[in-house]
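What follows is chain A paired twice: with chain B in the first complex and chain C in the second.
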Partner chain A sequence: MYSPGYFLFISSSLASLTYFIGTLIMGLPLPVYGVKKWGTKLILDGIYATVLINIYALIIYASQYIGSILGASWPNFFSWLYQILQVQITVSTLVKTAYVAASFSDDPGLSILMAPLMSLFSLLSGLIAVVETIIILSYVVYDYSGVFIAIGILFISLPFRIGRAIGGALIGFSIVFYIGLPYLPRFLSQLGVNILINGVPSNTNAGGLVNSMATQVVPIYVEGILVMPSAYLVILSGLALGLGSAISGSSARLPFPIEIF
Partner chain B sequence: MKSKDLMSILILLNSLMVYGLTKNFLFLAIGTSIAIGLNVAVYVISKRTEEQ
Partner chain C sequence: MSGIETLVQSLTTQITATAWSVFILSWAIGWAIRGSPIPIFRLKREGQTIIEDAIMAAFWLAIGTTVFSLISYLAGEI
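And then the complex of A and B:
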């Protein structure tokens, strides 16, 4: 993987190219207003992209600072994810053990429990896959958010606003998910669906296990692993889209007046 | 502030930052050259525009 510095160097060169194309258009001996207008736009785009390159380190630092203010910590988040995975595998092993015990039993009262135990096992396997997906997404965001921001700036630096929307979306995604994803455990705790509290079945005989799994554990698992994290990710995606469109806004406005020449 | 001055300062700062990130002196040299070349090029273009 290339370093962010390499991408920023290419971005800087592309921003200079954008600026130069703008000055070239302004210097063209063509008295056409539509063409001249593009010259001003390109000059301002070049300056805007260069400002973004300059505040790259500030963006990274601000993301970390806002995350620490919110009380979100990446090591704690990964620890929480692996604890959930551990609890899920424990419950899944319990269900599979009960299934095997029921399959070896001659008691028809136990054999009838095999079908619900198998469906519970399938459901738990699916939920484990969901947690694994969240872990992979978290590692991608945690390890590569700096590179994604640099690539986003690179897209914004392209002349004629070719990659402005995708660049803004990449930067918005990286910033919002880097700040917001570690906040997921606290979000779930505040809504009362933290599965580390109510996740393990208390009854260990086969009939009681199926009953407590179906009425207590599975609803909490579906809510705490599938529904609420999905809703949280949708909220974060909405925020990322908003931030992305704010960064890649239709006009590059700077907070001070600039003379073009 | 004139845009060429602002752009030159920003490119120089960029070059310094990229040099700090990559420890590659070539990037600093290229950035400095672009900043100087920009001033020269914009000066020539602005003179040409004035003549027109």
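And then the complex of A and C:
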């Protein structure tokens, strides 16, 4: 029932409703400019929404085409995300194993490492949650960008510009994230912070493990999983806002708030 | 068809019918004001504006009815 075609069909009806409300207002025998100008506006809105409805397939095709020109592939992106997750779980398991080994040891030199190991484990769990969030966001964008664009057009079709800003924002968000999100691995690689290049620490004794984790692995992970992807999402959000603003013809807001920290 | 589509389409039909009625009313009121034996230029000018707006509204109504019917027809054929 909630397919893009269904939303576009309702949008088409709403666009014609907007248009005919415009003609009704335009034909009113009231010499009041403030009321009359809405007639022209609504007629233009109806035509604009109809144009958007009819170029829906073109918008989808153009998004896919631009994505392919950029060299971004959704299957490769998902594969990269799951590899990141696998590496994180491996490192996290290593830390947890070291923690358990230290907790069973009678050596006070090892017991003293339990607190930093636990902190590292918490941090790694947080980073795993970040990657999981990116995976969920990616699936939402990949599976529902067409539906979001159709809903955006539906909002733009509403009479009296009720949902114009949110409609433009939805369309802008869907197009920009559909094109830009699979480009994240390349973005990180170009900045030299792709964590798949920097592997699991090779140090096997507990003290060396804590040292290499705290001084090498965790900083790289925070940079490559948290800071740079967040910066990239903020860049995409800015582009989405710009595109949404251009589509709606007014200032637009994203359908969800984005905060880095 | 579900409830929303039926509601929107019946609303559109009613508004289109109302718009045609309003066009005729505006046309009549415009000519009545313009042709009234009152020697006030601004009043006659308002009458002229109402007639012009009514004609423009009728033009867009006719175009809109044709284009939207055509789109519905083509969409139904695909």
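Just so we're on the same page, the second predicted complex is superposed on the first by the 247 of 261 C-alpha atoms of A that agree within 3 Å, B and C clash if a C-alpha of one lies under 4 Å from a C-alpha of the other, contacts with A are read in each partner's own complex, and residues count from 1 in each chain.
Simple rule for what comes next: a contact is a pair of C-beta atoms (placed from the backbone, for glycine too) under 8 Å apart; a residue touches a chain by one contact, two chains touch by 3 or more.
Please read these numbers as outputs of a predicted model, since none were measured by experiment.
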Of the partners chain B and chain C, which touch A:K36 in the superposed model: first, second, both, neither? second
Which of chain B and chain C A:I60 touches, first, second, both or neither: neither
Considering only touches as defined above, state whether A:L117 meets chain B (first), chain C (second), both or neither. neither
Of chain B and chain C, which one contacts the greater number of residues in chain A? B
Looking at A:G27 after the superposition, I want to know if it touches chain B, chain C, both of them or none. Which is it: first, second, both, neither? both
Please work out whether A:V51 is in contact with chain B alone, chain C alone, both, or neither, and reply first, second, both or neither. first
Touching partner for A:I171 - first (chain B), second (chain C), both, neither: neither
Now for A:Y19: first (chain B), second (chain C), both, or neither, which partner does it touch? both
Tell me the contact category for A:P4 with respect to chain B and chain C: first, second, both or neither. first
Where chain B and chain C land on the same part of chain A: residues 9, 12-13, 16, 19-20, 23-24, 26-27, 29, 43, 46, 50, 54
Interface residues, chain C side, partner chain A - complex: 4-5, 8-9, 11-12, 15-16, 18-19, 22-23, 25-26, 29-30, 46, 49-50, 53-54, 56-58, 60-61, 64, 67-68, 71-72, 75
In their complex, what parts of chain A are in touch with chain B? 3-6, 8-9, 12-13, 15-16, 19-20, 23-24, 26-27, 29, 43, 46-47, 50-51, 53-54, 56-57, 256-261
Interface with chain C, chain A side, in the complex: residues 9-10, 12-14, 16-17, 19-24, 26-29, 31, 36, 39, 43, 46, 50, 54
Across the complex, what residues on chain B touch chain A? 1-4, 6-7, 10-11, 13-15, 17-18, 20-22, 24, 27, 30-31, 34, 38, 41-42, 45-46, 48-49, 52
